[in-house]
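Every chain is named by a letter (A, B, C, D, E and F) in the order it is written, and numbering of its residues begins at 1.
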Amino acid sequence: MGNRTVIPFGPQHPVLPEPIHLDLVLEDETVIEAIPQIGYVHRGLEKLVEKKDFQQFTYVAERICGICSFMHGMGYCMSIESIMDVKIPERAEFLRTIWAELSRLQSHLLWMGLLADAFGFESLFMHSWRLREQILDIFELTTGGRVIFSVCEIGGVRKDLNAEMIKKISAVMEQLEKDMVDIANVFLYDESVKHRTKGVGVLSKQAAFELGAVGPMARASGIHMDRRTQGYAAYGKLKFEPIIEIDGDCYARTSVRLREIFQSIDLIKQCIALLPEGDIKVKIKGKPNGEHYTLIEQPRGEVLYYSKANGTNFLDRVRVRTPTFANVPALLETLKGCALADVPILILTIDPCISCTER
Amino acid sequence: MHEIAILILFPLIASAFIFFIRKDKARNILVRICSIVTIFLTIYVASKYFNKALYLSFNNETIINQILMFIEILVAGYLIFMGIKNKKYIISIFSAVQTFLIIWFELTQSQGIEIKASMVFDKLSLIMVLVVGIIGSLVCLYTVGYMKWYHIHHENYKERKSFFFAVMFVFLAAMFGLVLSNELTWLYFCWELTTLCSFLLIGYTKTQDAIKNSFHALTINLGGGVCFALAIIFIGMKFKTLELSVLIGMKPEVVVLIPVFLLAISALTKSAQMPFSSWLLGAMVAPTPSSALLHSATMVKAGVYLLIRLAPLLGQSSVGQVVTFIGGITFLANSFIAISQSDAKKILAYSTIANLGLIVICASIGTQESLWAAILLIIFHAIAKSLLFLSVGSIEHQLGSRNVEDMDILLKVSRKLSLYIIIGIAGMFLAPFGMLISKWVAMKAFIDSNNILTVIILVYGSAATVFYWTKWMGKLVSNANKKEQVIHTFHIDEETAIFTQAVLVIISCFSFPIISKYALEPYLATLFGSSAVIPIGTSDVNIMLLMLSMFLILPISFFPIYKNDKRRKALTYMAGVNTGDNESFNSAFGKNREVEYSNWYMKDYFKSKKISFWSNTLCITGLCVGVILIVLAGGR
Amino acid sequence: MLILKIIAIIIIAPLAGGIITGIDRVISARLQGRKGPPILQPFFDILKLLEKESIEVNTMHRFFVYVALIFIIFTTVIMLLGGDILLALFVLTLGSIFFVLGGYASNSPYSNVGSERELLQIMAYEPMILLTGIGLYYADKSFFIKDIISSSTPAILFLPGVFLGLIFILPFKLRKSPFDLSMTHHGHQEIVQGIKTEYSGKDLAIIEITEWYETIIIFTLVYIFFATKSPLSHIYAITACVFVFLFEILLDNGIARVKWQSALNSAWLVTGVLGTVNLIVLSLLGR
Amino acid sequence: MGQQKLDIISPNELLDNTMRLKNAGYRLVAISCTFKNGIELTYSFDESFELLNLRLNIDADVEIESISCIYPYAFLYENEIKELFGVNIQNISVDFNNNLYKIAVKTPFNTKEENE
Amino acid sequence: MNFSKKSPWILHYDGTSCNGCDIEVLACLTPLYDAERFGIVNTGNPKHADILLITGSVNEQNIPVISQLYEQMPEPKVVIAIGICATSGGIFAECYNVVGGVDKVLPVDIYVPGCAARPEAIIDGIVMALGILEEKQKYARK
Amino acid sequence: MSFLSITKILIKNIFHGPYTTLYPIEKKDNYENTRGRIENKISECIFCGICERRCPTVAIKVDKEIHAWSIQRFQCIQCGYCVEVCPKKCLVMNSQYTAPSTGKMRAEYTDA
């Protein structure tokens, strides 16, 4: 049976921000087999739908995950709004898009820091997280919360942007774009970083389709898939192209996410330019009845909100299928045959969000 | 009868008696007595002729020659018969050619040659006699215990214990003869006798691949024998002398180099250097005592002993360069291949070939320091390696497998055995022990004689040696808790042999300054004329000895600290999912899974096939270049 | 008199090592835009560790760490007293081998993988370390550091290649990126803390102190290349050590960690090329 | 967001429908399950942003064929539904048999009684 | 003069949290808040840590992991529950798989409130924990 | 093909000096939007209990008879829903976050 080392890559590990367990079977530091065990963060919050009425559930929906929390709230509200076919005011659409793109920006910066930390590049981690603090500052200024900001509600948004806030946002965007250029050239052209990401965990276009990869994982392997092109919220009025890479390895995923950061900065500028006046929410009356599937684009990929209402205050069912849940099979595929030193990088390249996966 | 003659003849007589006693009990007692007697005999002879070199010739010279010739013919007949029977015609050709040559030479050419000293007993042969005597007899003592359970474990092998003991003692006699004789024909006779013994011992178990390997070993050694015979004839015809000491005394100009080259080739085959190293790996099939005695401690040392004798001639000559080149390639290649082996005996075999390569380099450079290092290397390597082989044999008996991976429970199975093998491994590469001191002096010698490439090879090789020895020692040190393991008896004979050898390893490391002062320096002085001095400074020697004593005191001094330092036991860190017994963790699918550890073998980094292929070709080209150089120089 | 010197060395060396580590942590923090801990932070860490409750995984594995410390102290004393450099390097390797054996003896998954990697690191930097010793001997015809630093010309003039090779393998010994495969100061390593995983309290303090000694040994090695009879050269030597120190910190914060194959290949390639060429050129010059 | 095509099918038509959609280049987006009175399984597929759902209305003990032979990554969804809703789905390619989440409560989603 | 105040090494474990509080714990190490100036180092190893930061509530599968980590830490040790979920189960208190706050499994010393506790609050919590560490150290030495 | 390409950023960091706000000494100013603690102008409160029912984590307890309104600050997730639904608008969320503490005591407000 040759000489194998079996080690637990456990729930508590310095390089894993969240608990996921892998049995790693190694032979001379090459991974023969990796069997996952999830369930450490499973709270079963979809069952809360019987205890909290549909208004209160927005707060639960937002707390599925701390990184992509805004879009969870937005997705849930959009799904309920489509059931009650309520049309939210134009300004609210734009405000939601601005906050959505800001939260995508901070999620990608966070991911970049963790990836740099995984291959031993501590100063890049510090630098990207310092830039991220500026965006959290904007969140605190505009919505009051740094990570979870209950600002989205059914029928619109709770807080508004005044002129001074908008000025600050565009100033920060300018500054961020300049700083990002330096970091991007380190990630894409530095020899030692390229050595660790080029050709690692390759996922061909066919395999990506076969394994149901979504979001940056699929786009890095050449699949044209970006929910924002469907023009929900205010995306219909913005001009942008989904970012596609071809060779599908860690390097391609890094460059997809980096270019998406620049794209988000550009989208936010467009939104600020086109921000119409008007009120920010519309009063909703009555109780939802019927069901609806809503698909929007989270930082890690396409998410599906299915909600089913029966005319009472308490919904029947809310089902959230999050992107990492779809990316886990792709992770297991890329883990076979990689080196032990690449395991943290491969886990991080799908940008895992365990609390999203296990709800 | 002279003491030297008694020393050589006694093992022969002993083996005859042992051969005819079939009953186990009696034979074992006889073997024990014979081994102890041999040890005393060697010590007695060594102490008697300690300070005066002895040049000795026998009056009934011709009768001895005739007896030798008669035995040679018998042996040749047997080998030719075996060659034909097993359709290995190359063997029959080789042995026929070499015996015919020697007989023709003895009868026609050698009338005129008078031999002044047919036997020589100087400091080098003193060391070799001690090594062969003490280690040889200890191994025979060990074999008594080993053979007891060996046949219980392998029922399918035909039981021929008496034959085994007999051949061992014949081999001892042959080695004594080889080390003492100065006359080339006698040296040649003992040389061929050792080849015969190794053939018989490898083929002991009579399994399919044992026979194949024994013939493989026989062919290569007989090839060496043919070169030896040619060399004797050349020397006899050209210089009208048959004495090694006379040959060494000549000036190394071209015509002398031809026989020296032939002798060097036969030495290289005997000590399994690169182009010819495959036979030693095959020999690992034989029972462990034979590998311990023949294939690591004594027989393979004969080749290197011959090279050390020829060192003054090899020093500046092109033959020396070639031999250094071959020694270097062998040392480096085998150190790398040893990393990717997991069978204990294979690791020991590769490490033996590598260390022999090192000794060959030191011998063929021929400066005074390198010879000092070569001889020390022979002593330390013989003791430490035979200790390792014997302990691996006992471990195989205790654990039932030779794989290094299963040795992590040895500390629980038998604490004594793991202590002995740790001393053995430490002896092979750790700082204050002998092998490292000789490597240090070897390094100094290479750099002084300006061969930079050998320094680089030594440096890379010792890095690889550190890797595979520490890896093995790590396994022995991690006392994994024992799965239910049946405890086998650790036989008293085995233990005494191993214990004495372990003590020998430590004593030899302590006493290397004394060895150098009384044995090495006088010998080197006779060889180089100038008063030889110990290459390491006295301050370093003291630091070395201080460290060695620290090595012994530290473990003992730690016991009191352990006793009064009660500590809370905690679980090992298994990322939080340790099931509580430090052996398994709860894994996916809700099952518990065992944690397994294994060393690195880097099979795809050091591809043993590719390395051995390339180094073999390199060495063969090296030899051809040597031949061409000789022929060119000879032609002019 | 000698005893006094030895005791002085045994006490002052770790203090200097601790301060150097402290300065290193502050400069790295400032490079990353942070304020960073006080300079004496390493000493606070050690003193806290000494006060903590001592727990153990098994009785065996502490022994190796103590022995490793003793041998590392032995090397420092030999080097700073101007003893034989090759002997010092052998004892240094002996110390790191004992440290690796400690990893094996802890018998836990991460310390096992850590000791394999540590062993690989030893194999990678061992040739260069031995070549440095030999090179110095070759340049000044004596193994004793007393004579090397009191020769007329600095060893660097004879051994530029060997010096560059030494700088290349320094990250292995100082446990800094890009070769911090087995143990790294900032915690996020895929094999947790390698060999240190199972040690806590007093034993961890001893491991830290061993690392301080090793820093001192490394910088003495660099120092030897520049020192000569004239006191002025000692100033050159100190500035060289400072430059090497800053360069190592920059490397630590500027490069990603490499995988073990490229670490081994690059180390052996650089040693082979720089070391051999330098020594051959030296031998041709008829040294 | 695109009209929501939803057609009801019976359990035994499931496999060949999925095969038809797979050949047409559809991608399996999700398998959702709701427990109202009886279990309602929905398979949603997507192709160039057009959503198509297959709905099965069954009760707890009916046996469903797993589609992981067609879409290899369906095993995650099926294991989750099997664990949370107790729907017994036969021969899933990688079967965690109720160990995906290791929850204490047995199939928590279909015990509706204690709610109101 | 005891030094546990001067170099508190923390071990951060995320048990069933929405990782909002985890990012805030990691944010403490970044340049803006820089916990290292207090000597705080985020070791990933219970045997080196003095303070155990738990974020998020505790679910069935996490109980053995958390108690094992706590047991592997040498004395004196302090447990800090970060975020509302850790103090009392927060908004997921009624979920079937959530057992409740961390105090149902370990003796908690300091509670840091806030749904996504702010980095300043976390640093306050750790500074308070230093005082407790010092008392435990004095108590342990007697 | 660039090596050590991050040195530009590192040098900039050195010259810029640390970005750290020395927290215990210099406090970063809170924005007026920041979600901190729930305060209750008890005099206007009519103890109708709407906030108690609407609070997602049941952190508020209202006792109509003895005019007591109490909040468990260690359960309040600062969502601000109670502030919205309170008919009398007497609940307000100020920008000062609750301080960590060793115990979980409730904050009591009683109107005499």
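In the analysis below, a contact is a pair of C-beta atoms (placed from the backbone, for glycine too) under 8 Å apart; a residue touches a chain by one contact, two chains touch by 3 or more.
Predicted model, so just to flag it, every value in this text is computed and none were measured.
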item	value
Steps in the shortest chain-to-chain touch route ending at subunit F and beginning at subunit D	2
If a chain touches subunit E and subunit F alike, it appears here	A, C
Touch-network distance, subunit C to subunit E, counted in steps	1
Centroid comparison with subunit D (C-alpha atoms), farthest chain	B
Higher-contact pair (C-beta pairs counted), A-B versus B-E	A-B
Approximate Å spacing (C-alpha centroids) for the pair subunit D, subunit E	39
Inter-centroid spacing, subunit E versus subunit A (mean Cα positions, whole Å)	26
Between subunit D and subunit C, distance of the C-alpha-averaged centres to the nearest whole Å	59
Subunit A-subunit D separation of Cα centroids, rounded to whole Å	25
Sequence positions of subunit A contacting 2 or more other chains	5-8, 11-15, 29, 37, 39, 42, 44, 47, 59-60, 63, 123, 126-127, 130, 145, 190, 192
Per-residue multi-chain contacts in subunit E, two or more chains	13, 30-32, 34, 37, 42-47, 59, 61, 65, 69, 72, 74, 90-91, 96-97, 115, 118
Of all residues in subunit B, the ones touching two or more other chains	570-571, 573-577, 588-589, 595, 597, 599-600
Chain contact topology (line, ring, star, complete or other)	other
Interchain contacts, given as pairs of chains that touch	A-B, A-C, A-D, A-E, A-F, B-C, B-D, B-E, C-E, C-F, D-E, E-F
Residues of subunit A touching subunit D in the complex	37-39, 42, 44, 46-47, 50, 82, 209-212, 227, 229-230, 232, 292-295, 302, 304, 306, 308, 310, 316-317, 319, 321, 325-326, 328-329, 358
Subunit C - residues contacting subunit A, complex	28, 31-34, 109-110, 112-113, 116, 177-178, 180-181, 184, 186-192, 253-260, 262
Of all residues in subunit A, those that touch subunit B in their complex	3-13, 21, 23, 27-29, 35-37
Subunit E-facing residues of subunit B, complex	570-571, 573, 576-578, 586
Interface residues, subunit B side, partner subunit C - complex	430-431, 436, 440, 443-444, 447, 450, 452-453, 455-456, 459-460, 462-464, 466-467, 470-471, 473-475, 477-480, 537, 539-540, 543-544, 547, 550, 554-555, 558, 562, 565, 567-575, 582, 595, 597, 599-600, 605
